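Dumping the structure here so I can ask a few things about it.
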């Protein structure tokens, strides 16, 4: 159980790019990173494409005005000159800038924590991975929802064989906030998401379901997709070629099958991620809108509900517990878990502690690349008429 | 609101084929047909393939022993000679016998009520439809779950435009009772379901999801499928080529898309049919394990729950109400609704009352054929590698 | 599992008093009694205070017109003269007539099934009990909700010690249909319920919560109330002295405590009975709006949900199963269970089969009297300022 | 919507008493206070009765070792000498020390934030209130759950008359963690809770239900209790005279009635606070285990669910929003809301800004005294045999 006591020798010196006043996600980064004051301290920022607004924002969150920079390049240059310059930076900007900024940060000698989807192409991902390795730096990906420790409970139970051999994987992450195109026209946070130049090759696949896909891999690390089929639609026509709804079907190497539904036009839906894993003996089901509960259903037995923070949970799950039973945790706590693991990874990397790195479960560069590749395959399938595509040699072919 | 008062001049003289002591479904037929004693009276039966057991059963439900027949042919012959012989028969036997018995019944001058899936092929369906028309008889199909009147509420709201243009159709009917193959070996009621000679070309598609598919057509009668793709699996290998799990994807003519999941290996799942219809303005969602509630979610407004028997419901829904608010209805009541409509249809047919027939919403021969055709297309898709098949000219082609 | 096969040698000849076209409850009696045609046959009725309407109704449910009587006295007299006269009668009239009609029926040599609350006073109850014993007849009480077999599951688990020693009993049966007084003025079915001359000393205590109270006694037959306190209100003033809301607190002899809330002004509440029994080891919770599920919560373990019709349930529960897993049962099925037990009791009484009677669990005259006495004590407490009253010597005293 | 930007000119210099390594609640204080780094900075602490452990803990959360004090008196003295000494202190110690420490803190010129229940007697409360007024300081009470902004939505809707005149108040806060007495013997955090010398005159009334009681007053500030009755039990006998279960009944001045159930022996219950307010037109219901949803049930209309962060909510509710729709908030966020209001109150007090103080809704000294008085009345009722006690002249009399 976590209570804020330090897990690394000293807090890391941290900067942010993007995530300012108009950002939906910037506050989540700060809430996660600064939960305990023992993992990160926020020292610098280039918070906004509007430099003045960015500086005003930085001052308003009580930062040193002189370290609120007009842009990330200025920040990298200035901070590099300081004794107490930042050593890690988070990138909370639109998708289209992730690759360039990450590359710049690594070259400036910084660890990187980046929003998802990581980049546009898996080639970019491999290039950055090589660069990070060369520089001895960590690249983490903020799959924030994945910090809910009940996912680790699922992972442990599956590994322990509680549900038998996996047969069916059912994933969903949908909402209805874009049932019409009003926000496409009025909201800066939405506009770029439907612009392929900024968003990349997908809208909801990358914006929503890469989270859920990563969560599925987190809880079933041994399950590899063999082939998939994606059918995507633009119900609001102006979004084409980007999709506002998509269905994905998957075949796994062990013979299991899977489905995923992602949508921003599921009108009225307000319930976030849904994950159900069906095995030969039983099933596990978790919905993040009641994320402290996990259903465990063994065929022929009364169904069970596992509840967060209880002693009967796996220790890997309770290791990330913060508030205790009866006290609801939410997305703030999940982000705190993720960021704490980023800190531990960075600290281990700095100390060449490969043992810690090997055992630490967190969304790293490989998870980021895997997410990009999954989107690439989905798009390739969809753009060829929703046909099956094989996932092999990291170079998927049409069937 | 129904209270058992008669809807037709006198109860119809009714017989049953199958549905005896070992049947899972026979009791549902009797419960539905005999709910009010004003629609049907059970006078004859050939309840069991074991003639003695069938007679014993008939006696045990207080029937006249002399009208408990060893087989349906004997029953048809004997009843035809009686002044008070049966005029309608229900068929609750394994799938492989439906066609032959239905044909025999129509030729014996009887109306027919038959279990789903109706027959093995749509050709058989068309042939029987022609025969029924020639004979002036009704053929009804016992999609029993579809008698829940909240489905008529959905139908009314969709027709009234409450959710806007339909975009996504999400259907599910799964359970886990066949997660292993024990029942395949020990239960007579299960054995034939995985034998293609008796079950026909599918297991769960026909056994489970034809119900859900029909319910979707009931609530969205204007929605036509343009093409579909079905991916089916036999997780218990001995069931091959019949599937114990299947995913279907559908494209509708208006541009909407749909999905269906049916399974008998969804270990631990106990919640029956799930239907969600997403429109451009809002969504409707109904699960039959809490079938007296209907969620109506308009994007950007508080979500609403419509509750059975309340005055704010559509009159088409409340017309089938029996128990009143706060009083839970279940599958017994749904079957009663279906059977009452069969009685009204038969009575109208007998009186050549085409006006009544035209306006009556119930699972008729066309619904039965539509269900067969849907299975045929699913199987054709699945057996060709889970590819898209066009639904056109009632003669689907591979794309 | 029940499938409609007979449990007694022949169906009982049955008549009804009240329960005609305008009745809310008459249809439930018929649905319950006639579910299987093997327990009761409806042969006579005095369905309505309006004799013409009553006869018209009888004809409309396909009864013999000559046995549709203008009033119960005429019915008793005429039926007594027939060889095939009724042998049991159900009373579905307003409360104020129950005592007189029951007495008349017993004196006419009939078994009686009567609506709750049985009579106005426990003295009337004791008198009728003595009369029934003298006549060798059964008096059953239609606590219809109590027919849900999951209550027997609770009874079995409590008896088996699964939750340990009982500590807290939490009961609720509330709705909001009388939040205003419109129905008091316009609905015949509601008018009499707020008239003490017809309804007796209580409104919601007798109309609603006697059901829940009986259900609590059904599942915990060993638990005796030592003292109670009732606080009742008439939020719609015209209902005074009858209450439209009441709270009851109870102390049981074993040291357990209980609460009950009953109301018809709980605006918007649509969820029926709620029962939670807390023991030293675990708790059981059941709500009748999802009456096929039972929560079993052992402190410190994952919570469990028991689901109707599953093999792991107690055999006493599954003995009343009718539809099987995945098939929702409702109030119709509960009434069928109750009426079948009435038939078994009557048949046993007729045969002097005391062994069967001793073991049969159903709402008998003692349950009816217990309910009256509970109301008496509630009213006495409430009318003395919501003070504690001791329940002893069947003659409760103010503390 | 809050994003961490400052609401006061500079963060307040803050210290803590108690809340160290073994505390269940200390981490919640820090998480709430330090959420945004713009309201409080943690500079000093006397975290533990074990001075060494307290210092070690302080160092481990990256504090200046020299400001980790062995006890609160030393801290008050040392900090008073510093230019940058603390100006506000939080008290997270067992109940029995609250009065003395609060008094000492006010006399040392500090604002105070204190755990509930505030003190043992309302007299102590009045004395401290007078002292705080004299010193010009704030005393806040950490009713942490009350920071969930959906409670402000309830407050707004009730004030706007959405549910009509309030009739019934139904409150519950129960769990089962003390179903046996194991923790009484082994857990330091539990031991003192059942020791009247440290816990005060109640166990669960003060430990649990003062939260719920305060929340009810927050959402219905105009509702005054006229009389109440409390029935308390010690199911684990060693806890007597302190209760582990209690029922409270309340009469409000407007004629409404209320109930509250609090328990730590509700075996298996894991769902926290439940609040239902029934009015003449409709009801509001909120459970904190799904605290982002609020049910609004108008009699005769479809029931509605209001969901956190949606634009249709009252602006007083959305003013405390932090994460946005689809992103679950939890207890961390509620504590952050409470602590931010403490900071605003302290800042306003420091600036003599009475206008701000008058309009700010937060748990102040009056809320704390009200809670003590409510417990006093409950205990007085219970100890006199669970009788009604009048609440008047702040000096309750037995009826």
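Every chain is named by a letter (A, B, C and D) in the order it is written, and numbering of its residues begins at 1.
In this text, a residue touches a chain if its C-beta (ideal position, glycine included) is under 8 Å from a C-beta of that chain, and two chains touch if they have at least 3 such contacts.
Remember, it's a predicted structure, so these values are computed and weren't measured experimentally.
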Subunit D reached from subunit A - shortest hop count over touching chains: 1
Maximum centroid distance from subunit A, chain identifier (CA atoms): C
Centre-to-centre distance between subunit D and subunit C (centres being mean Cα positions), rounded to whole Å: 44
Centre-to-centre distance between subunit D and subunit B (centres being mean Cα positions), rounded to whole Å: 56
Residues of subunit B whose C-beta touches two or more other chains: 177, 270, 296, 301, 303, 307
Residue ranges of subunit D touching subunit C (in the complex, touch as defined): 163-164, 167-168, 170, 176-177, 179-180, 229, 231, 233, 235, 245, 247, 249, 255, 257, 259, 261, 263, 265-270, 278-283, 296-299, 301, 303, 385-388, 399
Subunit A residues touching subunit D - in the complex, by the definition given at the top: 3-6, 10-11, 21, 24, 26-28, 30-31, 34-38, 42, 57, 60-62, 175, 177, 270, 272, 288-292, 307, 322-333
Parts of subunit B lying in touch with subunit D, wherever the complex brings them together: 296, 300-307, 310-312
